[in-house]
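Two complexes, one shared chain (subunit A), two partners (subunit B, subunit C).
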Partner chain A sequence: MPLTTTRSDENGELIIRISGQFDFGLHRDFRDAYREATGVRRFVVDLADTEYMDSSALGMLLLLREHAETHSAQVELRNVSGELERILRIANFHQLFPMRN
Partner chain B sequence: MATEAGKDPTGVMAFEASASPAATVLLVDDEPVNLQLLRGMLRHRAGLEFLTAADGEEAVKRVTEHRVDLVLMDVLMPGVDGYEATRRIKALDGDSYVPVLFVTALNDDEQLARCVACGGDDFIAKPVSRVQLNARVDSWLRISQVYRTLREQRDALDAYQRRNEVDQWIARDVMQRATASEVLRRPGVVYRYHPADILSGDMLLAAEGPDGRCFFLLADFTGHGIAASIGTVPTADLFYGAVAYGAGPEEVLARINRKLHEYLPANLFMAGALVVLDPREQTVEIWNGGMPDVLYRTADGSVGRVPSSHLPLGVQAGFGGSEMTVLLAPLAVWAVSDGALEERDAKGEEFGMDRAEAALHKGGVAALDEAVAAFREGARDDITLLEVWPAYFAASGDAVDGRGAPRDWSFSLELDAGALREVSPLQPVVDGVARMEMLDERARQALLTVMAELYSNCLEHGVLGLDSGLKDSPDGFAAYYEGRQRALQELRAGRVRIQLDRRTDGAGPLLLIRMTDSGSGFDYRGLLAGGEPNQSALCGRGVSLIQGMCESLRYYGRGNQVEAVYRLPAGRC
Partner chain C sequence: MNATRPRVLVAVLLAAVLAVLAWWQAVVAVPAVLAAVAIGWWLGACGQMGGALPAVNSEAGHGELEQELRGFLADMDESLNAEFGYVRDDLAQIRSLVTDAVQELNGSFVGVNEKTREQADLASRVMSFSRDEGGQDELGIKSFVNETESILGDYVDMVVEMSRHSVDAAHSMDDIVAQMNTVNSLLDDIRGIAKQTDLLALNASIEAARAGEAGRGFAVVAEQVRALAEQANSFNDQIGQQVGSARAVIDKARASVSEMASQDMTESLNAKNRITSMMQGLERLNEEVESGLARISTLTGDIDGHVQDAVRALQFEDISTQLVDNSTRGVDGLESYLSGIRSVVQEISGADSRGDLATQLSEARAGLAGQCERRQEERRSMRSVSQSVMDAGEVELF
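== the complex of A and B ==
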């Protein structure tokens, strides 16, 4: 599965883990992963196994951010490294998303 | 011929349930009894229709005339036999697929191979078993149906694709018109624009502001195709409007950011590199929000990069980061879209910024374009490359030493009775002049005062024919303005023409303000020659005010034309 979702109920986290390519192909799965979830305080996008992301992935993160804002939740990017970090830095997304390893 | 009719009712039930869509089966046999037999075995099936043919020739005819989903074909027939008929049916239309099942008592391999060679799909052995016949017919009708559905979907997809392509070409045309710029053709500018598809998410805009600064915006929208191109037109429109209006880099960016945030869904945004060249100062200001590093080289040969330090445009409602990197007299500046850097070679290695930088410093955009083309394996992404040589901009045009160079313009505006009634033209006109001439607030207000006095004289005395002598007493003053209001509302004929010419003389820039009205004029000689006006008088102050603020004031004609020379501050010209 390129995308797996885990709930961590004690701290209200929904962890979306993306392996392989994070691009437009994941659009629907990514959206479905968070849209129906209730009671989430923090959406975590775990990029540990992500090999590649393009600008549509950046767009998907913004959609998630919008969703989180309307549900009073946070968004956090986890395990960002290498090329992904470079892409996120070029877009200055570190201003929008806290990143944690 | 033995039959096993009625032997297996459960099997029959299953066939009935699955053969719901109407289908036409063509039965081909020269023996009427065989035709009847086959038909009898299949008759119970709902939605099945039958055609019959007595020989091969008739069979081909049926297929050409009707939509046939399946053919049950006898092999040996007088005239055109089953092999030949099958060959012809299969050759009829390469696009449709009609399964042909041979009903045959032949069972040696050579004969069966012939059935396959002429295009047959399957066999049903004689004597025919009812269960077998139904099973085969059922399964082949299903295949035929799948094939038909596929074909219909493919045709629909083809039609959609053609329509979509036409739409894309239209969008491309609109986009090209919106983004086209003469500035890109100037000496000192080199660019490449290679869309990967009909439409590109890349965009290159260039425009010159009223103060001579040139703005270049290389932008990259998220995504591809129509979704990516949808933001280009409003962005280009805003960009050209704002630059022509004299807006600075920050305002241009803030306006685009606001509009994109308003228009586009959250996942669509625009990365951009704005390069602002001041030809007089030979400075280049760079703003980078989400684009690859902007590269430059200075005259002494040192090189540098301006990395992205801002969010792309359209991501956030407020425009935060407007700090620009200022380069003093760079030799050349290059901006590229990420498509160029992300090209991969046969080994999957990315072209990357280091190769791009090496190529640019070696031979500019042309060398980079070639290097990327040589490197690339397979299809390319949208690629846009821009190169600007500031020195060419100083050398071109009228500027000799830059400062003080004439940069004149003219502007005229004519208001008819309706416009005079409804429009207050002075504010926007003066604001425009203030923008173009970089007037500070004080200078702008001073100009507004002069213009307002001249305009109200034209309107009130010229067009409306009011007597300013009325204003001599406090009561008359109020009556005068009531009369003005009434006369204006009832105004049906008359015009005022405003002509502004910015000129430069030895003392610097000046503004020649001329206004002409359709009125009968007045005795300006008395007024201008009347010596010191009485400061406590309620009328006549307008003219003396203008005289005080302008270098000269002249009336012409019958007094319906006025010309004032207004000195512009000799700041930045």
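== the complex of A and C ==
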């Protein structure tokens, strides 16, 4: 599965873990992963196993951010490194999303 | 009486030679000259008083000795004169060499000074140019890179924004497709109803036929209901087809949207890296240029200082010219001193009495001592002048 979702109820976290390619092919699964979830205080996108990311992934992250804002929740990017980190930085995502390893 | 004359002559000669040597070696020669003259006088006196020293007794012997001595004196006089001539020529040559060389050096120092000033001007111009002073961005490389960076930033923002909209549109299409699926299932429901209606109409027409003449009107109604059910079915199919083609259009649109949403960020990343390294390179270049130019400015100041020092040092020309002139005058003095000695010797060789000789010698001594003193005085004053000149502080290039 390129996308797995884990719920951590004590933190109110929803962890979306993406492996392999994070691109347009995932857009439906990605939205489905967060759209119906309730009581989430923080959406965490774990990119530890992500190998590639294009601009559609950035678009998806922005839509997730909008969704989280309307539900008074936060979005956090986790395990960002290498090429992905540089891509996120030139898009100034480090100013929009807290990043943690 | 005549027996003492050669002795006196020898003594005077000895004194003369000593005096000349003393003069030649050092400036303060008076004591040596006096000593030599005293020795000469003493020797002469000894010879006169006792006559104890071995002497040439015959007149012919005296004549021969006198002849030889005169010849020796003449030779010495001649060669000394020649030496004085050489020394004078050499001094003149030194004077002109020093003057020419100093003039040339002065000229080249003035040249060095001009060139270093020009260099400093250039350096400061380049510095102000590279600093974009006065807000005028003449080089523009920095602002060009900045502009490129901001354009790249805008481009990335635009791409991300476009992707966001595209993904959003794709989500909406997903929603439309989901709604179309609902429409399709509703159409299936309508198709089921039409089928049931058709069956009901068929049953009604069968019942109407069984009723015979009384059911004839009912059969017509049943037939119309059947036709309506068929019509509903065909509408249903048409709607189904429309929904199907709409779904195909949406699929096509989704492909376009996918294309729009999926921009590879690698190119932007590479461009960003290139700009960053270009920026760093420019920064380094700027630093290098600034420090180089600053160094040039310092060096120009240093060179200026050295040139000033060199020009100051060139004042040795004045002093050395003075010294050469002094030496020339010294040679003149030496010559006149020698000629004084020469005339004394001539006088002595022609004198008869001891009284004459003593008077002449003491006159000659007094004359020579006076001459010597004058020379010393002259040299003292010249030395004090030449010492004070070299330490002078400010020197203008001329």
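Some points to look at:
To be clear about the criterion, the second predicted complex is superposed on the first by the 101 of 101 C-alpha atoms of A that agree within 3 Å, B and C clash if a C-alpha of one lies under 4 Å from a C-alpha of the other, contacts with A are read in each partner's own complex, and residues count from 1 in each chain.
Everything below uses one rule, namely that a contact is a pair of C-beta atoms (placed from the backbone, for glycine too) under 8 Å apart; a residue touches a chain by one contact, two chains touch by 3 or more.
Since this is a predicted model, take the numbers as computed values, not measurements.
Taken together in the superposed arrangement on subunit A, subunit B and subunit C clash. In the superposed model, A:90 lies in contact with both subunit B and subunit C.
Residue contacts after overlaying the shared chain place A:1 against neither subunit B nor subunit C.
Touch criterion met: A:28 reaches subunit C, while subunit B stays clear of it. Shared-chain residue A:60: touches subunit B and subunit C both. Touched by subunit B in one complex and by subunit C in the other are residues 24, 55-56, 58-60, 62-63, 90-92 of subunit A. On subunit A, the positions that touch subunit C within their shared complex are 23-24, 27-28, 31, 53-56, 58-60, 62-63, 83, 86-87, 90-92. Residue ranges of subunit B in contact with subunit A, taken from their complex: 220, 222-223, 265-269, 271, 289-292, 307-312, 315-316.
By the touch criterion stated above, subunit C contacts subunit A in their complex at residues 152-153, 156-157, 159-160, 162-168, 170-171, 174, 258, 261-265, 268-269, 272.
For subunit A in complex with subunit B, the residues that touch the partner chain are 24, 55-56, 58-60, 62-63, 65-66, 89-93, 95-96.
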